[in-house]
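See below for the structure under consideration.
We call the chains A, B and C, going by the order they appear; numbering starts again at 1 in every chain.
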Amino acid sequence: MTSIKSFMSRQELIGILVIAAVLFIIMPLAMDIFRLNLFGKYLTYAFVAVGLVLCWGKCGILSLGQGVFFGLGGYCMAMYLKLEASTPEATAIQSTPGIPDFMDWNQITALPWFWEPFNSLTFTLLAIIIVPAVFAFIIGAAMFKRRVGGVYFAIITQAIAAILTILIIGQQGYTGGVNGITDLRTLKSWDIRTDEAKYILYYVNGALLIAVLLLSQIVLKSKLGRLLVAVRDQEDRVRFSGYDVSNIKIFVFCFAAVLSAIGGAMFTLQVGFMSPSFVGIVPSIEMVIFCAVGGRLSIFGAVYGTLLVNWAKTTFSETFPELWLFGLGALFIAVVLIFPNGVSGLYQSYLAPLVDRVVSTGKRKGRSDTAPPPSSGFGAETTAKPAE
Amino acid sequence: MNTINNNTDFLLSIENLTVSFDGFKAVDDLNLYVDENEIHVIIGPNGAGKTTVLDLICGRTRSTDGSIKFRNKELTDMREHEIVREGVGRKFQNPSIYEDLTVFENLELSFPRGRSVWGALTFQRDQDVKTRVHEIAGMVFLDELLDKQAALLSHGQKQWLEIGMLLIQDPELLMLDEPVAGMSVSERKQTAKLLNEITKGRSVMVVEHDMKFVEDIAHRVTVLHQGKILSEGSMAKVQADPKVIDVYLGH
Amino acid sequence: MFADYTWTELGSIFAMQGFAGLILFSVFVLMALGLAIIFGQMGVINMAHGEFMILGAYVTYLCSNFVEAHFPALFGIYFFFAMALAFVAAGALGALVEWSLIRHLYKRPLDTLLATWGLSLILQQAYRSIFGAREVGVSLPNWLLGSVPLTDIIEIPINGIFVMVLTFVIAIGVYFILFRSRMGMQTRAVVQNRVMAGAVGINTQKVDRNTFALGCGIAGIAGSAFTMIGSTGPTAGQLYIVDTFLIVVFGGAASLLGTIASSFAISQAQSTMEFFLSGSMAKVLTLLTVVGILMLRPQGLFSLKIRR
């Protein structure tokens, strides 16, 4: 118990148990496989939102290009699956059998060199982590070493999202263009389109999300987690305490990028395709709103925020597509003006004291020197407090 | 002052230091030396370049020309955190502390260990850290407030906290930019006492406007005017210097 | 890529693409001027700037229809009313937005970014609901049609020339407002020291509102000019917003001259490369170059070295 306590308060332990219960028990019981698969798709965005909590909420770096990393992870996975689906037998009617169909349509006659390694699953799994990490490192090193931050960083990451989208759409022979990479079928000859596979992938996705939450929790509870907040509030003071601030920022940016890429890869597996519409400016900034609605300071809030916004999006855009854009626009404004701490802020100020009381009447142990639960709306920052 | 160029016995030696912002020379061919265990106060009218000198030493501003040597090591081409690790601490004019963190965490983050990303991830709050934090908190009058969020401290307490954050790094040269600005009379007295205590075994450079306070602490005073040294020496000598009187009282 | 062309052909290509680039340049400058005022002077990120521009375009479209239907005699000069009206409409909306949204968010630039993005979604949907999803175009009066032949193979369209003259006049106007008028002086005073500006009797809230409204009003004029060279749709503004922000940042946020220079560089690069490469690759290369340069020189092309 002591080892858990060192990186998790009781509130946070409850938080993660509740999420696990929702993911593994409640949702699979409450939904048919079609809805559950949709729910799993939303959960892949939660990876991005959790990354943004660390990067933006804690450290103050707003990236408007998280879709880039989501896309890199997703495309890596999709390239592997596409190659597996493009055996010479399956593509015998093409003028060049054995290459992905969209390449054939674009008069490409041999597999491009950068597609070759994606024949290997090991390489693909490594690439899902390493490609976005290296890309984020390059961007981060170039920008943070030169002290570019704040709105400049936001604008430049947004431009990068735009560039990558235009590039993917423009180079359709190599990327599948605007339709993306579609018609993905099997993973190591295991059909990913069956209901059974969808259940398994859903659970894998859920387990990965829990793992990512735990990992983020470890980072946040370490001194590095407090440094992130310190960098956000007083960058110069951190620098003049002997830290290389740019390294801290590069780390958190890469960390968030890798989380997004894992989400992207799981998206491809569960949904069965990847396209530039998950890479560009619009999806990237929407991912920020998932995080903001959850409360930019809480990794658990980010999960709920993602689910909430996506549920609303699906519901409204099915029935009143016009209202949805008004609603989404209003959400952006409201989350900035009215409740900057999002769902988790509301929870912290109204529900958390109640939960704490209910739980502690059950098993009241000596909790001597912990700070009392926050009373104000800004209390969400207590996630950065020590658990001693 | 008969100094030989290059290596000196001084803790800090600034030679021919110049910085210009689009032609305006904020610091102009400055030579300044700080001894071991010396409290060296820089005074001067607004815009004289006092804060800029501190900025140049700690690497916040890059010099146009000249050299800054600390223990005979050139600082001008080092980055800020490297200069800090050499043993130069800097306090800013406005208290710059981490308002969202507690006093304890503020001091802990300044504790000189685990300064790399990996080091910070694996940092353990062991007995060493706790002892040192309590010790420093006692020195800066904050030992009762360790669990308090730093945002809730008074202005004077924030200034002390920042001084504490520097002390925990145990720098050999401590630079303080207007440490008593905005403090009450009793806080000023406490701060003067604090400074006299913490300067044992280290050198301190102070930029200050409060003459009474300067008189209380200074071993040596440098008067800057328009980026150049106007006068230097003991407080009494400087106060009697007609050039200084002219700048401060004349037009 | 140049091998297949003779020198004279290359010269003509550069001249014509250069001119096409100049029209793009005009739109960029008009967009970016408003943005540079708002971002450079106030530090506010207005992601809805493109939608203010489109408002100006729709106002022009309505004017053109109205004048054509009711006062056909005045059709030749309707554009001038339309432009004034576009300025007023976009400026008024800007003032309203500043009052209801932006003024609560000064010093939180990242939050203004998100809030104005929300605003842009709302405006886009509003345009779609009012004007329909289809793009609309205005009819131009006769004197703006046709082109001036410069050499045998180079022809310059008149509406392009008109837009450029307009851009020039507006750029000069902005310069005078910001650097030669009392309002501009107050704006700059507030930017540099808000407290002091307030203390010497400047109504800083009013200055903020006027500055924001001015920036949006110029976007409205940009929209007016935009109708002469392209058609207007609800999401047309979003296409330009990233480019324009890059231009402002690339030029050095506080510098008008920088804004104009970077508009020129980016529009020319894009337009010239478009002839030889596909449009998308031209854009990718241009944006990549800008991002690359910004990584090496984050302060932009024109910037002052200042004491921190």
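One rule holds for everything that comes next: a residue touches a chain if its C-beta (ideal position, glycine included) is under 8 Å from a C-beta of that chain, and two chains touch if they have at least 3 such contacts.
All values reported here derive from a predicted model rather than from experimental measurement.
Participant: Give the identifier of the chain nearest to the protein's overall CA centre, each chain being represented by its own CA mean.
Facilitator: Taking the mean of C-alpha atoms per chain, the most central one is A.
Participant: Please identify the chain with the largest separation between its CA centroid and the CA centroid of chain B.
Facilitator: C
Participant: Could you give the separation in Å between the centres of chain A and chain B, each centre being the mean of its C-alpha atoms?
Facilitator: Computed value for the inter-centroid distance: 43 Å.
Participant: Could you work out how far the Cα centre of chain B sits from that of chain C, in whole Å?
Facilitator: It comes to 47 Å between the two C-alpha centres.
Participant: So what's the Cα centroid distance for chain A and chain C, whole Å?
Facilitator: Between these chains, centre-to-centre, one finds 34 Å.
Participant: Show the residues in chain C shared as contacts by 2 or more other chains, in ascending order.
Facilitator: In chain C, nothing touches at least two other chains.
Participant: Counting only residues that touch at least 2 other chains, which ones in chain B make the list?
Facilitator: Residues 60.
Participant: Considering only the defined contacts, which chain B positions touch chain A in the complex?
Facilitator: Interface residues on chain B, with respect to chain A: 58, 60, 79-81, 84-85, 89-90, 92, 96-102, 104-105, 108-110, 112, 114-117, 120-123, 125, 147, 162, 165, 169.
Participant: Under the stated contact criterion, what part of chain A meets chain B in this complex?
Facilitator: Its residues touching chain B are 219, 222-224, 226-227, 229-230, 233-234, 236-245, 247-248, 251, 369, 371, 381, 384-386, 388.
Participant: Please output the residues of chain C touching chain A within their complex, sorted ascending.
Facilitator: 43, 45, 101, 104-105, 108-115, 117-122, 124-126, 128-129, 238, 242, 245-246, 249, 278, 280-281, 283-284, 287-288, 290-291, 294-296, 298
Participant: Okay, in this complex, where on chain A does chain C touch?
Facilitator: Result: residues 56, 62, 64, 142-143, 146-148, 150-152, 154-156, 158-160, 162-163, 166-167, 169-170, 281, 285, 288-289, 292, 322, 325-326, 328-333, 335-337, 340 of chain A touch chain C.
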